[in-house]
Every structure is written in structure tokens, then in C-alpha cells.
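These notes are about the structure you will find just below.
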Amino acid sequence: MQYVGHKAANPTLATLIEFGPENADFLETTFDDLESGREYQPKYPTLWLNVHGLENHKLLKLIGLRFKLHPLVLEDILNTQQRPKVEQYGEYLFITARLVSMDEDGQLGSEQVSIIVGRGFVLTFQEKPTGTFASIRETLRTSESQIRKLGPDYLVYSLLDKLVDRYFLVLEQLGERSENLDEAINASPSPEQMTEVQDMRRSLQYIKRSLWPMREVLNTLQRDEADFFHSETQLYLRDVYDHTVQLIETVESLREMAGGLQEMYLSLQSQRLNEQMRMLTVITTIFMPLTLIAGIYGMNFDNMPELHWAGGYYAVLGLMGAIAMLLSLFFWLRRWV
Amino acid sequence: MQYVGHKAANPTLATLIEFGPENADFLETTFDDLESGREYQPKYPTLWLNVHGLENHKLLKLIGLRFKLHPLVLEDILNTQQRPKVEQYGEYLFITARLVSMDEDGQLGSEQVSIIVGRGFVLTFQEKPTGTFASIRETLRTSESQIRKLGPDYLVYSLLDKLVDRYFLVLEQLGERSENLDEAINASPSPEQMTEVQDMRRSLQYIKRSLWPMREVLNTLQRDEADFFHSETQLYLRDVYDHTVQLIETVESLREMAGGLQEMYLSLQSQRLNEQMRMLTVITTIFMPLTLIAGIYGMNFDNMPELHWAGGYYAVLGLMGAIAMLLSLFFWLRRWV
Amino acid sequence: MQYVGHKAANPTLATLIEFGPENADFLETTFDDLESGREYQPKYPTLWLNVHGLENHKLLKLIGLRFKLHPLVLEDILNTQQRPKVEQYGEYLFITARLVSMDEDGQLGSEQVSIIVGRGFVLTFQEKPTGTFASIRETLRTSESQIRKLGPDYLVYSLLDKLVDRYFLVLEQLGERSENLDEAINASPSPEQMTEVQDMRRSLQYIKRSLWPMREVLNTLQRDEADFFHSETQLYLRDVYDHTVQLIETVESLREMAGGLQEMYLSLQSQRLNEQMRMLTVITTIFMPLTLIAGIYGMNFDNMPELHWAGGYYAVLGLMGAIAMLLSLFFWLRRWV
Amino acid sequence: MQYVGHKAANPTLATLIEFGPENADFLETTFDDLESGREYQPKYPTLWLNVHGLENHKLLKLIGLRFKLHPLVLEDILNTQQRPKVEQYGEYLFITARLVSMDEDGQLGSEQVSIIVGRGFVLTFQEKPTGTFASIRETLRTSESQIRKLGPDYLVYSLLDKLVDRYFLVLEQLGERSENLDEAINASPSPEQMTEVQDMRRSLQYIKRSLWPMREVLNTLQRDEADFFHSETQLYLRDVYDHTVQLIETVESLREMAGGLQEMYLSLQSQRLNEQMRMLTVITTIFMPLTLIAGIYGMNFDNMPELHWAGGYYAVLGLMGAIAMLLSLFFWLRRWV
Amino acid sequence: MQYVGHKAANPTLATLIEFGPENADFLETTFDDLESGREYQPKYPTLWLNVHGLENHKLLKLIGLRFKLHPLVLEDILNTQQRPKVEQYGEYLFITARLVSMDEDGQLGSEQVSIIVGRGFVLTFQEKPTGTFASIRETLRTSESQIRKLGPDYLVYSLLDKLVDRYFLVLEQLGERSENLDEAINASPSPEQMTEVQDMRRSLQYIKRSLWPMREVLNTLQRDEADFFHSETQLYLRDVYDHTVQLIETVESLREMAGGLQEMYLSLQSQRLNEQMRMLTVITTIFMPLTLIAGIYGMNFDNMPELHWAGGYYAVLGLMGAIAMLLSLFFWLRRWV
């Protein structure tokens, strides 16, 4: 059992919320010592224990003992590179999901959220506090919230819904970035843009890799055969499932757009090359013959009759002008100019 | 419950049509206040309530109460970025579809159409009036129409058929545009054309993303296990289903054509580059040696015997001509000219 | 019910063939008025009505009434852009297939063939006479033909077999064309060839789009659960099914070959560009220094001692020769020449 | 029933081998007239009739009558372009497979081998003698061979095993060729290599097209539901099946390698172009200014004071040297030299 | 039965470990002669026989006889190019897997590990000692290890887990290499990098080819229907299965990254070409007209009035400067400089 994740120490912090449908049925406590908690009996029907930071192995082991978690579950909670999955362990379901975020530099970050749902309790484990579930806690405090009424399974739905919503935010940012890149490339293509496209592709690939299994998780939950979810809650899960499908399609669109950006870049580059080549060819073709003529009449032969003609110089200038005009005409006709 | 869609306010407008198979069984009313309608009892067997504009949340809530719609349904009606889907909610089916359109600039637009079909009633919700269903209303007014005879399920078929027909129009326009582009690229390739190809690809991608789930919707309806559709109507649904399959194949063809346009563009560009390069090489190769010769006889050495030969000048001109002809022959043999 | 297809009017022509296994059981009539035919009772066990041209809507309606065809079937017969499909309508099977052909310009054409098979009758509808089924009619006239013995299902097999055989012809032509193109590109690449490759790809795409559903049609027929086909005939259908699979694989090969042609073209173009570039670089690199030297000794400074040396001119010529030879050697070592 | 295959006449040659598990139970006869054979009753439990050459239609018909083969089977034996398949016809299984070979020019060849296995007999049909099955005949002659013990189904396994082994040989040759090409391209890329890569790809495509159905054949046989194969033999068939899977993966690897060769070729070409371009640009950029300076001081103006300076010539030479060095430095800093 | 593998002789070495859950239940012996072992009866419930080196065919045959292994199993053990698979042979399961490794040059190596698990015994066969399973042996020596408690199936899990862990190591190395390449290409692209990318792609392809069947193996074991694995061990197998899925996704990411590197390389190359071309065009366009002017005034015509103007020379120099500046301005406006 070894912790694999953010190196920076996030002090472990456990928040316990107990609630029931009634107005008074609500209790919220924060602590980081659960020793005494082994015998603790909850007062209200539903218990939600949220743990931030995974460094306190002792606490985790205690939680494992208290809720009879399988050693593999504890290992998976600590191994924070898991792909989203749902696994049934007799009396409880173990769900891992990813919480994505994008910092101001457009760097994609993600951390693991582990959710365990059993009869009457929900355990959540996060690597560090992100405030994603703050609004759910807020809602819980009001006695009229649906979570209070519908219990642990609806709470799990609310958590997953929040996690999926984060993907929408991230994809929106990526969409904007892709449109900005599109404009920038059309304005003046540069290889830095290609590095950025590659970067975007990598982010999209990463998101895709966590969304596909997330969809499977939601599909499994929605058809939940182990009866952890009421049929009413399953309707809501179907809704989140639809969202992941929509997200996957957006990812695919963005990936195709990124591919389009690359093609656009390459065709603009080849267009520029063509343009420059055309210019070079036109210039060279016009000036080379003229330079040759000038060179010929710069030769020092004793016997060059043209040199002694009165209008020789003007005739040669005229010839040069004629050649230049004829060649220009030729290029104009070929649409090179 | 929040409205996500066209910002411009489209005043909500509800049209109620009641009908039965008999000639006289027809009633059409337009209103935007349904307060009194909560107790309203329809006179004829089938009721079709069509709502344009989704800004009047109060009206929508009233409709929701009157027809006992699930909150998630109302949310999905307002969230107008849904992908097409069909969901069964006990007493009614909830269908969302997309109505595509293309403006004169070739910009693809789409809006959501939500359809709810229950025993004896059909509800439709659109973001704004588009006239797509006008012909259905017209048909309904004549007592001999099949919709009057076959009831709500055939009405739903007619609505979906109209929606699918719109895709044919849009794809036809895209097909024409693609052929125009093909000709234009072959005439003279320019990077603007590539931007247009990218644009077309994006439109096709968008259409594909709404057609695939639409096909699933029709497949589900056609096999409808919840008995909302008569077996006779299912034959017609199979027909619309076939149309979506045909549409999907057309989209795939157009996508492949767009890919072909890009390849054509690139190969034309590389062809042009080659042509210019060939010209440049030929010109340079012929004129450089001649210019060198002229340069040599332009040197000012005291002792250059050729300069004093009587026919020196003519001999050098002849040499130049010979070199030019030999090089031209060389290029002609290599098929460069 | 509206006709969508070849604009040129093909007068509708109906041919009725009745036959049984016995030698005398054969009757062939051609007519274009079926009015009287509504009460017509066939004499022999199997009836084959073949209709060429779909402009005579009245005739089609009469046939529809006589054989109790569903309105959707008549609509599909007239809508001649259907993809191949098989649909069961109670007492009969409705099959649409495509008859492909290639004119001498390599333009792919296709028309729809609709086949209806019921107990004791086969109806076929084509847009115009093509002679594809002539040999079947010929075979039918001899009492020993298997079709006479095995009845309508074997007749349908024979029709489909003929239709599938046409694909072999077309693909053979495309295969030859692709080989010709291969040779032509290797001889001297030109952008017209790319246009032809694109054209070929489009044809292959079109064929693929009609072959895939055709395979499904044959697969469905071969497993026919509605008992229209004897098990003996199903063996033969399996054979045609195998042919479509073989055809599909040939299409895929040809598509890959077409892709290979494009790559070949591009690599030849880039090869040529390289060759020209090499030549240009070699010429420029050799002549530029020589021209500079000639230019230097063409300067008019008063004090240029070399100009007054007796062997100055020859020394400079020698220097030029040496430089040219050294540079040539350099390029030869770098394998540029 | 028409023969489609190698045009050169291969005289039909039939070899009959009868055998049983006992030492003495072995009889081998060669003949090309089976007329008398219609009543022939085999002495030993298993009979293997191997036919080389398919031109003798009469013989084939007789075999067909003797073993009650379906007309479609005989047709498929003669139509030698079949894809591998297995078909059950009541009392016997009909298997077609392809025997691949590669001549010394790397040209891929293949011929059809048809195998019919029934209770107590195996029939094999080949287009011409290839010696592929010689070792099996040799093994059969020794009474201890497993084929003698296990009967017709193990004989069929041995035949298929030999056919599949041939693919390994061919793929090994293609693998070597691909490695040689890899080296050759890296040494000096030329368009002939691309032609060879295309050729290799075509061969791989061809092999793939016969391996995929071969895998299906073996999969079907291995699960044989018609009881032609003992469970012991099925273990051996599973082994051959594994070999085809391995072959398919090797084909895919080689295809990807071929794709890699093309990309390598193109990137080497573009690398070369870049190198040449760099050289051309450097040479041009250095010599053009120098040539201009020489040209300026070659002008014939009366009033050009520099020309009359004592050190003018040397000053200009110095200027030229300085410019050349500065430009070289510039290119060196930009890593162009 | 023939050995296909590492040519260098690895002397065969067999290690026998017997163990049971109790502290004292442990026995470890090493030998390379099993002759006497045919009658050997194990003392403790579980027996693990590990064989290094496959050259001693006699020993293998003895093991085959002792454990009643099918001849095909022995053949597969010796044929060390097998793809991972699991096969059930009545009383035992036969598993082949691949042990991957990467040497310091980045060359991927792999060898076959064959595992046979039956009631109470596990046999493992490796080509040469690699130390991969050393830690498992170490763990076994302590009586508290889970393997001692859970028996042969958990031992097999531990072996497979070790094998899968090796893939993580290799992919990590490939990931680092890919990032180094990315930086190197961005710094200065060279064709050697492309060779390395191709090499990496080949390694990834190879890994993919062994991971996909490995996943199937683990999937089969996890659902094991033949009851070789306890349900507790199956939970652990599910965990290893998840690891292979994660590995496959990592491979796909790396493959996509490798593709991205190639595109990056090509776009950098085209960028460079463009840059050089731009420079060449600018230089040529500016200097050619100037050189022509110099050439014109270097002509030797008798009658060239400009030559005799007092300020002629300076006027021409001024003209040259003006032209150079105008052209520079032109290029600056076009963003070419």
C-alpha cells in the first residue's frame, strides 16, 4: 500500500456529514483523528465522510477497518493514476473518477476522486481540496434539498454530476483555444502553433482516455443490478450518462478540428513556398537575359561594330525593355504574376 | 431549470390542435396563457400542443404539471444543445431531435425540437417558428389526411419525417458546394479554398453528430416495445429510418470528397512548385555559363589574344549560341521543357 | 408517390411470363395496359411480371392493387435512389438492388431494380431495358431449366446472381484502369492523373455503398425465416453471398491501390523537385564564384597589377578551371551528381 | 461449370491412398481414368484421393457422382479464385484454402486447394503439383504415423497445417525484403524503392485477404458442430488456429513497417531538399553582393574617383572578403552551415 | 518438438519449491536431473517447479510425463514465439505470457514464460534466468506471505502481476525517450530522429501485440469457469486486468505521440524550407536589378552620354540605393523579412 500522486504534502482532512430528510437531521464535523471513531455510531440515516489528502495512511487504514473495505480498494484509493471504474465488493460499490481542471496556461491537470457507496454511507477520497463539492455541501445544509430526501445514492449522483460538469468547462476552454489558433494560423503560420496543436491533441487524448471509462462507469451504475440506486436516481444517472456521451462527441470534434488545423498549416506553408518560388522564378527569368546582354556589350573585343553605332546604346536599352515586357507578358498569361 | 439557447427573445407561442378521424373533429386555438388550461379537457381523441419559444418558464411549468412531465424532461427541453435521443417515462415517450438549416452563406444552423408523445396527445417544443411543420398543420385541416385517421403516433412519424427531409436539403447544398469547390481548385488553387473545405468538413461533422443518434432514435421507435406506435406506423418509421441510413452514407461520401479536395489541392500545389522550379533551373542553367563567358571577355587583362582576333566577337557569340542550344537539347531530352 | 430518376422518358413496358415445370407450361406476353389484367388468373404455377420504365403511374397502381402491395413499396419502387434492402410485408418480400454499369468513358452508372417475390409470383421493376435478364428469359424458354423446376425463389436467385455478376465486370474495368494509371504515373506524373484517381475513388466508394447493403440483403435472404426460399435455393444464395464478400474485398483492394497511386505520385513529384533542386544548386554553386572572378578582373581600377602580367589571363582561366573541378569533385563525393 | 485458373494445361493426375491403423493397411495407386472406379469399394477404413490439375472435367464429374458432391461444390473447385471457406453439405464438409508461394523475384503466387472430408474419405484438389503434401504422403507410408491412427480428420489437420506453414515462409521472405529496403532507403532514397514498397504492400494485402477467411475456417473447424473432427484433433486445430492469428499479426506489423518506410522515404527526401536549398541560399547570398561590387567598379563612368586611388583595388578586395566573412558568420550562427 | 529461441545455450536449471500455509511447510531444492523424480511425491500441499532454459528436452519430456502434459503443451513451451494465451487441458490450465525488457540502447527484448497450473501444482518455464520472480521466491520463504495461505492460484496471480509490472517499466522508458525526442526535434530536426521514431513505433507495435492477448488471458482467468481460481484470487486478477487495460491505453497514447513527433518534424522541415526560400528570394530580387544596372554602365558603347556626366556615377549609386530600399520595403510590408 503505497501512495502514488502529488508529491507536495496535503495534510489529510476528514469531514463527516450526517443527515436525514427531516430539518433537524443534520450534523457536520471536521477532524483528522479517527481513532475514537471506530466505535462511532451515526445518528442520522445517511453518513458522508469526505477525506482530502491521502498521506495519512493510518487514518485510511482505520476507515478501511471501520467500513470493512477490501485491501485492494485501499490500494486503489492511494494509487491515484487509476482509470475511472466501478467495482462491486459485496456490501458496497467502489467508484473511481477523475476530476479534471485546466490552469491559466492551458495545462491540463487531473486528480483522482474515489467514491464508496454502501447502505447508508458514502465515502469520498480526494488528493487535495478543490472546492468542487462545496456547493453540494451547501445544498445539504438546507433541509429541502433533494439529497436530504433521496439519500446516499442521490448524493453519489450529485457528486458524479459535478465531476462531469468540470469536463464541460475544460472542453469549452480547449474549444476557444482551438478557435484562437485557427485565426492565428490563418493570419501568419509559425511552428510554435504546431507545438500548441500537438499540446492540445495530447490534452484531448488524455481527456478522451478518462471520459470513455467514465461513460462505462455511468452506464454500469445506471443499470445497477446490485440495487444501490433507486429507480428514480437512475433516471438522473441516465442524464449524466447522456452528458458524457455528448462530451465524448465534443472531444472527437475538437480532435478533428486539431487535425484540420495541422492540415491548414501545412497547406498555408506550401502556399507560401509556392508564392516565393513564383517570385524568384519571375525575377530570375527576367533579369538573367538582360544581364547577359549587358555582359556581352561589356566585352572588350577590338572588333564589335555595334559598339560604334551612334544609337547602339539606345537600341540595346530598347531590346532589354522589349525582352522584359515580353517575359512579363508571358508570366501574366500564365497567371504567375 | 435554465434556458440554454438563442439569446434573442422569441416570445413563447402555443398552438393547440385537437382532432379526430371525423370531418368535424377539428379545433385549432392559439394562446400564450395556459393558466386556465390546467383543467382543460380535450374534446377530440387526439391533442397536439405546439410551443414556439422557450422563454416563458411559467407556461412550460404549467404544461409540465398538466401532462405530468418529469423535471428532467423540462430541463432537457430548455437545454437546447441535446443530442437526439428517445427516453421512455412511464406514460409517455420523450424524443429530442435537431432541425438543421443552412443560410445563404453556407453557415449551418440547427435548433432543438422536443417531442413528447403519450396516449392521445403530442407535445412539440421549438426554439423559434421555422414553418417546418406548417404543411403538417395544413394537411391536418383536411379530414381525409392519414394523420386524422391514424392518430398521435402517425403525427409523430410525420414530424420526424419532416425533420429528416431537412437534412436532405442541407446535404444537397453541401454537395453542390463541394462540386463548385472541386472545379475552382482545379482552375486555380488558393488557400481560401482550403479554409472553405475545412468549414465544410466541420459542417459535415456536425451533421454526422446529430444524424447518428437520430438513426438510433428511429431504430428505437421502430422497434418500440412500449406500444406507443401501431405496427402500421412502424412500417412508416422503418422508411424514415432507411432515409437516415441513406443520409449517413451521403455524409460519409461528402466527407471523403472533402478529403479528396484537400489531396487534390496539395498535389496541384506541388505540381505548380515543380513547374516553377523546372523553369528556374532551366533558365539559370542556360544563362549562367553565357554570362560567365561574357564576363571573361569583359576582363581587362593586357594580354588577351582572342580580343584582338578579327572574328573573335562573332566566334564568342557563336559559342554562346551553341552552348544555349546544347543545354536546351539536354533539357528537352530530359522532358523538362 | 413521385418518380425520382432518369429524366428521359422510358415508355413503360410490362412483360408477363408464366411457367411450370412441365414442357408445355410456358406463356409469354408483352403489354402496357393492365386494366383488364385485374381479374386475370394465371394458368401456370409461377408468374413473372417484369416492368421496364416507371413513368406509367397508373399501371404501377394497378399492379399494386392486383398484388396487394403496400403504398410504401410502390413509393420505394419509384424512388430510384434507394440503397439495397430487403423488407418483409406479410405475404411477400420486397427486395431493392442496384444494377451497375460502366460506360466507355469509365463513368459509373447504376439503376434500381426492385424485386417482389410472393407465393407463386415474382415482380421485377427496372428504370429502362438493359438486357441484363435476357439470358434468364432465354433459359426459361427451355423446359429443362432449373428455374422451371424450382419455381419463384430460384428465379429470384438467378436475378440476383445476374446483378452481382455485373459488379465483377465493373470492378474488372476499374482494376485495369488502375493498372494503366500506375504505369502512366511511373512514366510521367501529371495532375490529370490525380483527377482520374479521385474519380476512381469516387466510383469505388459508390460501389462500396451499394455492395455493403447488398451483402446484408443476401445474408438475410440466405437465412430467410419467412420461408420464401427452399433450403436448396438457400445453398445457391450462400454462393451469391460469397460472391458479394469477394467483391467487397476487391473494392477494398482497389481503394488501397488508389491510395497507393496517390502516394506514388507525390513521391515522384518530390523526387523530381529534388532532382531539379540538385541541378540548380550545382550549377549556381559552380558558376557564381567564376562569374565573380571574371567580374573582379573586369573592374577598371588604375592600379591592378595582375592585369599587366603576361600570363595573368591564363592564370585566371586556370584558377577558374581549378575551382570548377574542385566543386564538381565535392558534389560528386556528396553523390549530388 | 467452367474452369477459371492457370491457363497452361496441367494434365489431371489422381492419386488414391487407402490406409488404416494396421501396418499392412496401406495401398497407393495413381491413375487418370476413374471410369471403372465408380463401383470401386475401398479396402481400408480411410481413403484419400488427391487430384492435381482441374482440366479433366469428366473425371471431376465422375468423382462428384461417386462421392455424391453437390454441383456447387464442383463449381467452386473449378472456380479457383475462391476465398477460403468451409461449408457443410450434409454428409461432408467442403473446405477451400489457398496455397501461397513466392518466386525468386518476390512475386507472390497462390493457388486454390479444395478439401472435402466425409466419413472415411478425404478428397483434395489442386491446380498443379507443388510437392507441398509430399511429406504427408511420406509420413503416411510408415505405419506408426499419427494420421494412420487418427484417420481422416487428422489427415485434414495435417494438410491445413502444411498450408498455413507456407504462409510463414512467405512472410519471412517479405520481412527480409522489408529490412533490406529499410537499409537501402536510408543509404540513398530513390523512387524505385517506393515502387517496391507499393508492391510489397499489395502482396501483404493479398495475403491478409486470404488469411482472415482462413482464420475463420479454422475457427469453424475447431468448434465443428457436425462431428467430423474428434476432440483430440480439435486440440491440434486450435494450434493451427493460433498460428493463423500469429500470421495475421505479422502481416499487420509488416504493413505498418511498409507504411513506415514510405514516411522515412518522404522525410529523407524533404531533408535532402532542405540541405540543397540551404546550400543554394548560402552560396547565392554570399556571391551576389560581391558580384554587384565587382560590377559597380566595372562601370565606365568618367568620374569614378575610387578607380584612381592607389589602393582602391585592394580596398575593394578587402571589402569583398569582409562581406563574405560576415555573411558566413551569420549563416554559421543560424546553424545553416 | 523443436526448440525455437535464443541460440546461446542456457543450461537448463529446475528449481522445486513445496509449501503449505504452516510455518514449517517449506522445502526448496535445485536440480537438473529429474529421472528419479518421476516417482517423487510432494510433502506439502502446493508444489512450484520453475525451469530456466529449454535446451534439455529429456528433462522436459520427463516433466511432461510426470504431470501428464499434452504433447502440444510441450511443443508450445519450446516454440518461444507464442503470443500470450490461456488454454484449458482437462486437469490443468496452460498459460503463455511474455516477459518484456529494454536494454540500455533502448532495444526491446522479450522472452516467453509458460505457466501451467493444476490442482496443487504450478509449473513455470522460462528461456533464461532473469530474476523477475526472485522477489516472489523471497516472499514465499516467510510463512506469513499470502501465497503460502492462498495456494497455487494466488501464486499464479503473483507471477502474472510481476510480468505485467515489467511492461510499466518498459513503457516508462519509452515515454521518457519520446519526450527527449520531442525536445531534440524542436531544437534541430534531423533524419536520424525519424529513424528513432520509427524504431520506437516498432517497439510500441510489438508491445501492443503482446499486451492485447495478455489482456484476453487475464480476462479469461478472471472469469475462470474451470474453478482453478478462488473468488478471492479473482478479485486480484481483476486488478491485474485493470493494469493491462491501463497499459494498452498508455501504448496508444505513446503511439499517437510518436505520430505527433513525425508531423512535428515534417512541419519544422517545411518551415525551414520556407525560411530559406524566403531569404533566397529576397536576396535575389534585391541584387539582380542592381547587378543589371552595373552591367549596363559597364557596356563599352561609344555613345553613352550618362558616362560622361560629372555626377553620373553618384546618380547611379543613388538609384541603386533607392531600388534596394524600395524592394526591402516591399518585402517588409509582405512580412517576408
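Chains: A, B, C, D and E, in written order; residue numbering restarts at 1 for each.
Here is the rule we use: contacts are C-beta pairs under 8 Å (C-beta built on N, C-alpha and C of every residue); 3 or more make two chains touch, one makes a residue touch a chain.
Computed from a predicted model, the values in this text were never measured in an experiment.
Asker: Applying the touch definition from the top, give me the chains sitting in contact with each of chain B and chain C.
Answerer: Touching chain B and chain C alike: no chains returned.
Asker: Keeping to the contact definition above, tell me which chains border both chain C and chain D.
Answerer: Correct list: empty, since no chain touches both.
Asker: So if I superpose chain B on chain E by CA, what angle comes out, to the nearest 5°?
Answerer: Roughly 145 degrees of rotation.
Asker: With centres defined as the mean C-alpha position, give me the chain A-chain E separation in Å.
Answerer: That gives a centre separation of 26 Å.
Asker: Can you compute the centre-to-centre distance for chain B and chain D, using the mean CA position of each chain? Integer Å is fine.
Answerer: Computed value for the inter-centroid distance: 43 Å.
Asker: Spell out, as numbers or ranges, the residues of chain B touching 2 or more other chains.
Answerer: Residues 266, 270, 273, 277, 280, 284, 288, 291, 295, 298-300, 304 of chain B touch two or more partner chains.
Asker: Going by the touch rule set out above, what shape does the chain contact graph take here: line, ring, star, complete or other?
Answerer: ring
Asker: Would you tell me which residues of chain B are touching chain A in their complex?
Answerer: Touching chain A: residues 70, 72, 75-76, 81-83, 85, 87, 89, 188, 190-191, 194-195, 198, 201-202, 205-206, 209, 262, 265-266, 269-270, 272-273, 276-277, 279-280, 283-284, 287-288, 290-291, 294-295, 297-300, 304, 306-313, 316-317, 320 of chain B.
Asker: Can you name the residues of chain C that touch chain D in the complex?
Answerer: Answer in residue numbers: 186, 235-236, 238-239, 242, 245-246, 249, 253, 256-257, 260, 263-264, 266-268, 270-271, 273-274, 277-278, 280-281, 284-285, 288-289, 291-292, 295-296, 298-304, 335-336.
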